[in-house]
Every structure is written in C-alpha cells, then in structure tokens.
Amino acid sequence: MRIGVIGLGNMGAGIAANLIKAGHEVTVYNRSRPKVDALAAQGAQAADTVADACGGDVVLTMLADDNAVAGVTLGDDGIIASSGSDTVHISSSTISVGLSKRLTDAHGDAGQKFVAAPVFGRPEAAAAAALFVVAAGAADAVSVVTPVFDAIGQRTFVVAEDPSAANLVKLSGNFLIGSVIESLGEAMALVAKGGVDRHQYLDILTSTLFSAPVYKTYGGLIANEQFEPAGFAAPLGHKDIGLVLSAAEELRVPLPIASLLRDRFLRLLAEGGEQLDWSAISSLAAADAGTSDHSA
Amino acid sequence: MRIGVIGLGNMGAGIAANLIKAGHEVTVYNRSRPKVDALAAQGAQAADTVADACGGDVVLTMLADDNAVAGVTLGDDGIIASSGSDTVHISSSTISVGLSKRLTDAHGDAGQKFVAAPVFGRPEAAAAAALFVVAAGAADAVSVVTPVFDAIGQRTFVVAEDPSAANLVKLSGNFLIGSVIESLGEAMALVAKGGVDRHQYLDILTSTLFSAPVYKTYGGLIANEQFEPAGFAAPLGHKDIGLVLSAAEELRVPLPIASLLRDRFLRLLAEGGEQLDWSAISSLAAADAGTSDHSA
Amino acid sequence: MRIGVIGLGNMGAGIAANLIKAGHEVTVYNRSRPKVDALAAQGAQAADTVADACGGDVVLTMLADDNAVAGVTLGDDGIIASSGSDTVHISSSTISVGLSKRLTDAHGDAGQKFVAAPVFGRPEAAAAAALFVVAAGAADAVSVVTPVFDAIGQRTFVVAEDPSAANLVKLSGNFLIGSVIESLGEAMALVAKGGVDRHQYLDILTSTLFSAPVYKTYGGLIANEQFEPAGFAAPLGHKDIGLVLSAAEELRVPLPIASLLRDRFLRLLAEGGEQLDWSAISSLAAADAGTSDHSA
Amino acid sequence: MRIGVIGLGNMGAGIAANLIKAGHEVTVYNRSRPKVDALAAQGAQAADTVADACGGDVVLTMLADDNAVAGVTLGDDGIIASSGSDTVHISSSTISVGLSKRLTDAHGDAGQKFVAAPVFGRPEAAAAAALFVVAAGAADAVSVVTPVFDAIGQRTFVVAEDPSAANLVKLSGNFLIGSVIESLGEAMALVAKGGVDRHQYLDILTSTLFSAPVYKTYGGLIANEQFEPAGFAAPLGHKDIGLVLSAAEELRVPLPIASLLRDRFLRLLAEGGEQLDWSAISSLAAADAGTSDHSA
C-alpha cells in the first residue's frame, strides 16, 4: 500500500521503518528534517509538506498531543484538505476522546474515512514491530488498513465502530498505570516506615501476584526514588489523567482514583516537579509519611 | 525436625502434608477432628489438644484471624504455656501488626522464640509446596526454622528482625490487590459506558502491561460481574483493609487509596453484600456510572 | 449615571430596579421582551438590542453562564463592538476565571474598562438592595462604578486589580457551600443510622456552632430529603464545581473536597438527578449507608 | 440534689460552680488537689476518692478521654462499685460510642442508671451556665437529672434512649468542625494563590452565608496561619476523627470527608505537628499548592 507517515518521533520512526520492511510504499513527513532523512535512507520517500504525505491509500499520524494532531489534520493544507475520499487516516497518537470525535466528524463531512489506532508499547516495541494496536472505526475502513497494523504490531484489537472508543481504551490504560504508581507509592511508604527494604519488597511483589511489566518498571523507579531523567514527564502524566477525567465527565462516570491522581499531579507540579518522571507522584505518599523529602 | 501444625484449613493441610513429605516428624491439631484424621492417614501424629502439638522444635500456626491466633497462643493451655524455651513458634496466619507485636512480646517474656511467616499463594500452591514465604524474626530463630520454609515454599524472603514487619508486608499485599480491584472497576465502568466490551478490554490489558495473575484473576471476576460464590468474602477484605489502616495509623502513614477502599467496603456491606466476593466493590464504580445494578 | 443592564432574570431585575430607584438613568435589555416591559413600567428605557444598552457610562451584565456572557460581550453587535472607551463593563454573572481573563483582555484590546463584580445574595437580597458585591478591576474603573455598587448592595469588597480574582472568590463560595452540603449529608447519614432524628440534629447544630444561613437553608433541605423543586439545580452545581476545579487546575491548587464533590455530581447526574436541587448530592451519603433510597 | 462532680478541668470546674450556685449539694473530686480546693472555697465538699463523690443522687463525670472515664467508672473503687441503684451517672466527656455502650451495659448490669450528656460550648460557656447539653438515656433517668442540665446549660436536647446516641452527636459535631477547617483551608489556598488577601476573603465569607462562630473562629486561625499555642491540639482532633470513623465503621456508614480528615491528621503528625492546633491541617492544602511552608 501507499502510506504516508506523519510524525517521526521515537514511536513514529519505528512504525515507518517497519512499514517499509513490510514492502509498503512509504512517504514520511516530520516537522524537523533530519528524521525524515534517516527514514529516506531506509527507503522512504521524503515529503516536504503534510500535503505531500497525503496522496496514498493511508496516512498515519503519530504526534505528541491534541494540538499537533488537530493542526496537521484540520489546518489549511492539512490532511483533510489534501486527501481524497479513498484515503484512510489512521490516528495512532494518544489524544482526547473529544478530539477523536471532532476528527471523526470532520473526516466524515469530507467524505473521508478515519480510524483511531493508538498503540501499547514502548519505542523498542515499535522498532521490533511488536506493538499492540487498539483500533476502532467503520468496519470497511478498518478492514482496508489491516495490513498496516499487521506490519507494525504483534496483535490488533478492534474494539468498536466509534473511533473514539480506541482512544478511551488507551487513556484508560494510562489511568491504570497511574493507579499502580500511586498504590505502589503508598504501599512502599508504609512498609519502608515499618522497616522493610523497598527493593526486597518489590522483589516479593514481582515474584508473586504482581509479576507484570508495569510493576517491574515503575516499582523499580519508585524503590530507587529516582525520577530523573523522566521517561514520561509529570506534565504528560498530568495531561493524560486530565484527558481521562474529561472523557469520564462527558460520559458521567465518577473515577475517584483518577481524581486522586489529578490532585497528586497538581501538587507535584505546584512544588516544582516539571522535570520529573510521572512516577514521582509516588514520592508524595512517602513525604506525607514523613520519611522522604520529595522536593523536586 | 519435630513440628506441630495447628490449623488444618485449605492452607494448613497442604503445609502439613509437605512437611511430612520432607521427612519431618509432624503432629497436627485442628478444632474439628476429621481434618486431623486426614493428615494422620498421611503419616502425621494426631494431637487432641493444642498443648499436645507443642512439644517439638517448631509449632506452626495457620488460622483464620487475630482471635483464633491469640486464643491458641495466649490462652490457658495455649502455645506459650505449653512450650519450652527451645520451641520456635512460626505464625503463618494473616494477622494484625498489633497482634504480631503482642505475640512477640509474650513469647519474649516467656523466653521463647517467635517468627512471623505469612505466605503468598493459594491453597493449590500450598499443596504443591510452591508458596512464597515472607519471614521476619530474630536471626537465630529464622535460621533454625529455614528447613520448614524450604519444605513448604518455593522461595523465602527474610525481611526484618521484627516479626511484625512480615505481617505488614502480607497486609500491604492485600491492599495492593484491593487497589487493583478498585482501579479495574473504575476503568471498566468507564470503557464499558464508552461502548467497549469488558472482556475484550481485559484481554487487551492482560496481553500488554498488565499481564500479572492479579489482573487476570480479578479482571475476570469484574468483567463477568460475577461475585458469587465468594473466593474471599467481602467481610474478610474489609477486615484486611482495616488491618492495613490500623498498621498505617500506628506508623502514621496516610494511605488515601486504602481510605477509599474502606469506604467502598462499608458501602458494599451496608447495602447487603456480606456474601459477595471482595472484588464486588468494583461494582460500585459501575453503579455510580448508572450502568449497573449492584444490588446484592 | 447612564447605565445599561443586560439580563433581567431574578437577580438582574432586582438590580435594575434599585438602580432606577437610586436615580440613575437605566436602559434595560433582555432576550425575552416581557421582562423588559416590566422594568420599563418602573422607569427604565427599553432597549431592543444589546447595542442599544451600551451607550452610557456603564453596562452591567447579569446572565446565566459563560456562553451567555461571551455571546453578549464578544459577538457581532456585542458590548465591545458597541461601546466607547468611556464605558465600563461590569460583569456580575457567575462565570469562569478563564472567561473573565478573556473579557479583560478583549476589553483591554479595545481600550475599554472591565470590572468583575459577582454578588452574594439571593433574589430577595437583590430586590432589597442588600447584596454583597465582590469587585475586582483597575482602580480607576472600580472607582467610577462605585455608585452602582452602592445602589444595589449593602457592602462592597474590592479584592484585586485583576478582575478574575472576584470570579474566583465567587466560585470558591459555591465550593464552600458544596462542602457544607456534603459534610452535612455525611453527618446526617451517620447520626440518623445511629437513631437520632435528623431535624432535631439540625436544630442542635444551628443552635450552636453552626448558626449560619448556609447550615439553616441547606440543612433543612437535607433533613427533609426534599430536593424538588430545585432552587439551584444539580447541573448548575456540577458546572460551578467544574469551574472551581478548572481555576484550581490553572493555578495548580489541589482541592480534594472539590474532587469529591465533582464525583458526587457525576454520580447524581448519571443516576438521573438532573431535575433535583444540588443539595441532593447529600442523599448519596445516606444511600451508601443503606438507609435511604436516593433514586431520582 | 446531692451531686458528685468528677473531673475539674476547664469545663468541669465551671459546671461544678454552677451546680453550687443553683443550690445543689455538690461534692467534687479531681486527681490533682488544688482544683478541688478552689471549688471547696465556693461551697463544694471535697472528696478524697472517687468513691467519696458517689453517694448522692447524681454523679457527673467530665474527663479527658475514654481511658480516664473507663478508669473512674469501671475500676476497683470506681463509680459502679461505689454507687447504689438510685444514683444516676451523667457522662459529659467526649468519649467513644463504644465506651458509651460499655458503660451503659455495665451500669445496667449493676442495676444503675446511665445518661450520656456531652455538651457543646467552650470553657467560658461552661462558666456562664450557657452550655448546650445533648442528652440521651432512659426517659426516667433523664427526667431525674433535668435540674442538673438546667443549672449548667442554656438548652438541653434529649435525642434518644440509647445513651451512645448523644456521644455520636457530639463526635459528629467535631467532624463537622473538621470539615469546615479542611474546606476553608482549600478555599483559602485557592484564592490566596489567585491574589486575594486571606483576611479580606474571610471577611467576605463571614459577612454573608458563613456567619457562624465556627467560620469566624477557625477562619481567623487559618487566615493568620497561626497554629500555636493550640486551643485544641492536633492529636486530640486526630483522636476525635478516629472516634467518628470507629462509630461509622460499627454502623457501616462511609464518610469520605472523615477519611480525608484522618489522612490529613496522620500527615500533620508524621511531619511533626504534635504541638499545633488541630486547625493546622488547613496548612496542608496551602503546602500542596506550593504557597506555604507548613513545616511544624
């Protein structure tokens, strides 16, 4: 297939590379040029503008946030203005449910197809074509783009016809990670004040019921109380919990743990934690126990 | 070693059987006789009284709660009254930090040794000698009883010299399970109201970052909204969260998620949920979203 | 002074009437005409358009929400487009801090003066010229409009030069009322389940430390469990708590009770409580205690 | 009537003095002697032991906490051991619902009458016979002791036949005060970060809907951020919120704001706030907003 990829960060670059490897005809666009050149060296065609990446069967966007996606899609010379009715737009960014609905409507008004397909997995998984893809959209559109998902991920979950449902699933996953961070922060504050070594405690947890990657990865950060450099910075965590709460507001679903997480992030940021990893909210439980100085 | 085992429920019976298999000389006591007979058939010596189980090198208790353990240990003709200074009492029950401290003091006053060694693992793991043992106590006492741990578990973690630290770790584990239940309940209420199938959602979670047993086991119950029959009844969950909060109160550690869990259990019980599994607190999030009737 | 009044609801009508009584030259505008005629009968000049109400020294707006105020102010033929640089716009509506900042900037760009002056007091107080006015704005602008405040209220508090500070104070007042409702709901659920009559309990409270109007008014509603007809409907309470949380988000101030209130409102609305008074969130505490059916 | 008064702190001394003034025959007992002598100078008879204060129609206790009341009532040579079946024990201390039930049972077993009658009011109100008395007990017992209430208070509320209901009301009052402290702390953190003066803000509140003593008294402490010397120390506030939560646990009533208050007190105490007034929990909201250093 002829595929445009817009956004060549850590995730997008791996995705584009795997699309090339799978034999697709890939055109790439990125705001800063060096990343485009790196992909061109792997066989991609370089696009100078968003519009140049929009002529094919599919255009896939993998960008930082709502603003970036809205700008690239809705703006003058954006994807909608530059695509025909046969192009399917796959949005893989972590965006709000609200924006996903707006994009669905805008593409629909233009007679175009829109599929939301956020992914679970880190940059290494993107590079290894081992992402998990959560897709939602009209059945015919999803069907058309299945080869794209096959090329970039190890498994695809099609969850609904309404694209925004996929975004909701992705956001809820970040909410669950935040819940793990907070609960581990509380548990470690408790056992550490009771005289138990935090690393040994984590070893017990991950050897038993809590053997999942999320406990190993974040548990290690929390046990080490090392929150710099940030893998995923606190303002991004704050933003995503805000998006979860907005979606929940719209659907009228009270989420008490999400409310707690929001308050934790506000406090961390009010105290100067902009540069810290989002798992640093765990330090607040230790601070409240009087056992840690969490100053950023 | 000569070992008395007091308490032959699902966990204690498996433990006693494995001690026999490992070649130890095991005497067993249980309040109701049939369970004693079953172990006697496997080679144990039957004790008619608690005191009869107390003559050896070790006496291990595996009972339902604080009251049972306190009764058997501190009462007339109890373990303390019936043991010499060479016997080590291993307490494997899930009891309060407060009782663990009382038992430590009482054994100390009697010149006896006390080791707390709660376990992680279900009855099947107990039967398979595959428990994880979290032990705490004076180094010499722990050293003496290491063969006991080797016979019943796949791995032992010695966490502190103060026995109650092991109980704190065990209780904190139940707090973390409770946190998983609550956060899954909230996340499922959200995505379900957004049109996503709960079972498919769970499949996504457990295929990716949340691959641990705790998510699979409790996620299944929550997705099915099936809370009867109870694997671990709501009043027991309520009790354990209460024990976590009491320990945290003593140590002065605020635990906002534990406070939330306590309120959830109070509500579930006030609404008549005595017979339900403790994972039924997840249904409250769905009820608050207006998408489920959680009436017990 | 020559004063335009836009918005003749229960509050605006009383304000306009008192401005007339104080001898000001008052022009009134309202979307529906009968209210205009009623004021005209008291001596006001009737305006057919927003622009017609904008020619004088002051234009005061008293409208339902952000949308209404933004529409009237920023739209074509709105206040900004229709006023000169000598007119001061007094905004007395309960609006968001964000809109107040936008209006401040927009008037500033147009060389115009903007004062935020939300009021405390019910329609009866508006009719009796007994409002409490909380004003904020540039000192010269506030000084110009002081006679307006004198005519409509019993006391004016000038809190800051940044107009949005007055809106923040007003919103925080609604947050405090919400806190009283929630805490009374919890306390009454507790003592009622303990066998105490709710009305007698309220009598005790308001005879002692809690003698303020807010306890009497809302306590009565809560004790009676009578939430219809709504004095201030639940969706409005929900909206105002949302505005408080947005302002707090912007300022990075965690407000755990406001988060709780937000979750309460979401639940009340998810369960169908649209028509109820906002004090109906108190019924959720009783429902959770199993002592009340709070179905809307 | 012949009345024994046990406990001559700030409250008890005022109560005893007013009973003397009303013409009753008063015998007083206190652990430290000087306070006894002061009352003797006003006409009381001095008792050397608890038993010596127990011979009359009524014995009223006004002591610090559960321990003190239980010791004086249930111990050897305590009130129960030293009283006949005609004596009514009035307990005016702020004690737990649980202890109140124990005392009710113990007096009942001894064929004696027990009335719980905690009071609302500060030491000045006790001195001025202006307390509010919240009484509960068997109707005949309450009827007998009405002259006592008339002598010490301005008004008596008889709330139930079960004495512990009166204790529940008293404790719930402290919960409501705690709720006011927390909500004011949050509101002031918000408006102060938004540029509004805390004292002016309090003036606005107490001039309008929030004119009750509780807002004036605690609002002043919070606006001043002056928490020493303590009028009511943080550990006492912590204890009372714990008693509220225990009563709610027993009755199965979730109280989310009480859970929040408990976490606030734990944090304040963990950070070293033992000497501070209980209103110092308000400083935590300011600390979390990054606008105040709340270090004790």
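In order of appearance the chains are A, B, C and D, and numbering begins at 1 in each one.
Convention: a contact is a pair of C-beta atoms (placed from the backbone, for glycine too) under 8 Å apart; a residue touches a chain by one contact, two chains touch by 3 or more.
In UniProt terms, the chains line up like this: A, B, C, D = NAD(P)-dependent oxidoreductase.
Because the structure is a prediction, the values reported are computed rather than measured.
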Problem - Relative to subunit C, chain with the most remote C-alpha centre - result: B
Completion exercise
Of B-D and C-D, the pair with more C-beta contacts is C-D
Exercise for the section: Take the average of all CA coordinates in subunit B, do the same for subunit C, and state the distance between these two points in whole angstrom. Expected result: 54
Handout entry: subunit B-subunit D separation of Cα centroids, rounded to whole Å
Key = 39
Completion exercise
Whole-Å distance, C-alpha centre of subunit C to that of subunit D, is 37
Problem - Overlap residues in subunit C, where contacts from two or more other chains coincide - result: 248, 252-256, 260, 263, 266-267, 270, 288-290
Completion exercise
Per the touch rule above, subunit C residues touching subunit A in the complex are 242, 248-249, 252-256, 259-260, 262-264, 266-267, 269-270
Problem - Sites on subunit B touched by subunit A in the complex - result: 97, 120-121, 132, 134, 155, 157, 159-160, 162, 164-165, 168-169, 172-173, 175-177, 179-180, 182-184, 186-187, 189-191, 193-197, 200-201, 203-205, 207-215, 244, 247-248, 251-258, 260, 285, 288-290
Practice task
In the complex, go through subunit C and note every residue touching subunit B.
Solution key: 263, 266-267, 270-272, 288-291
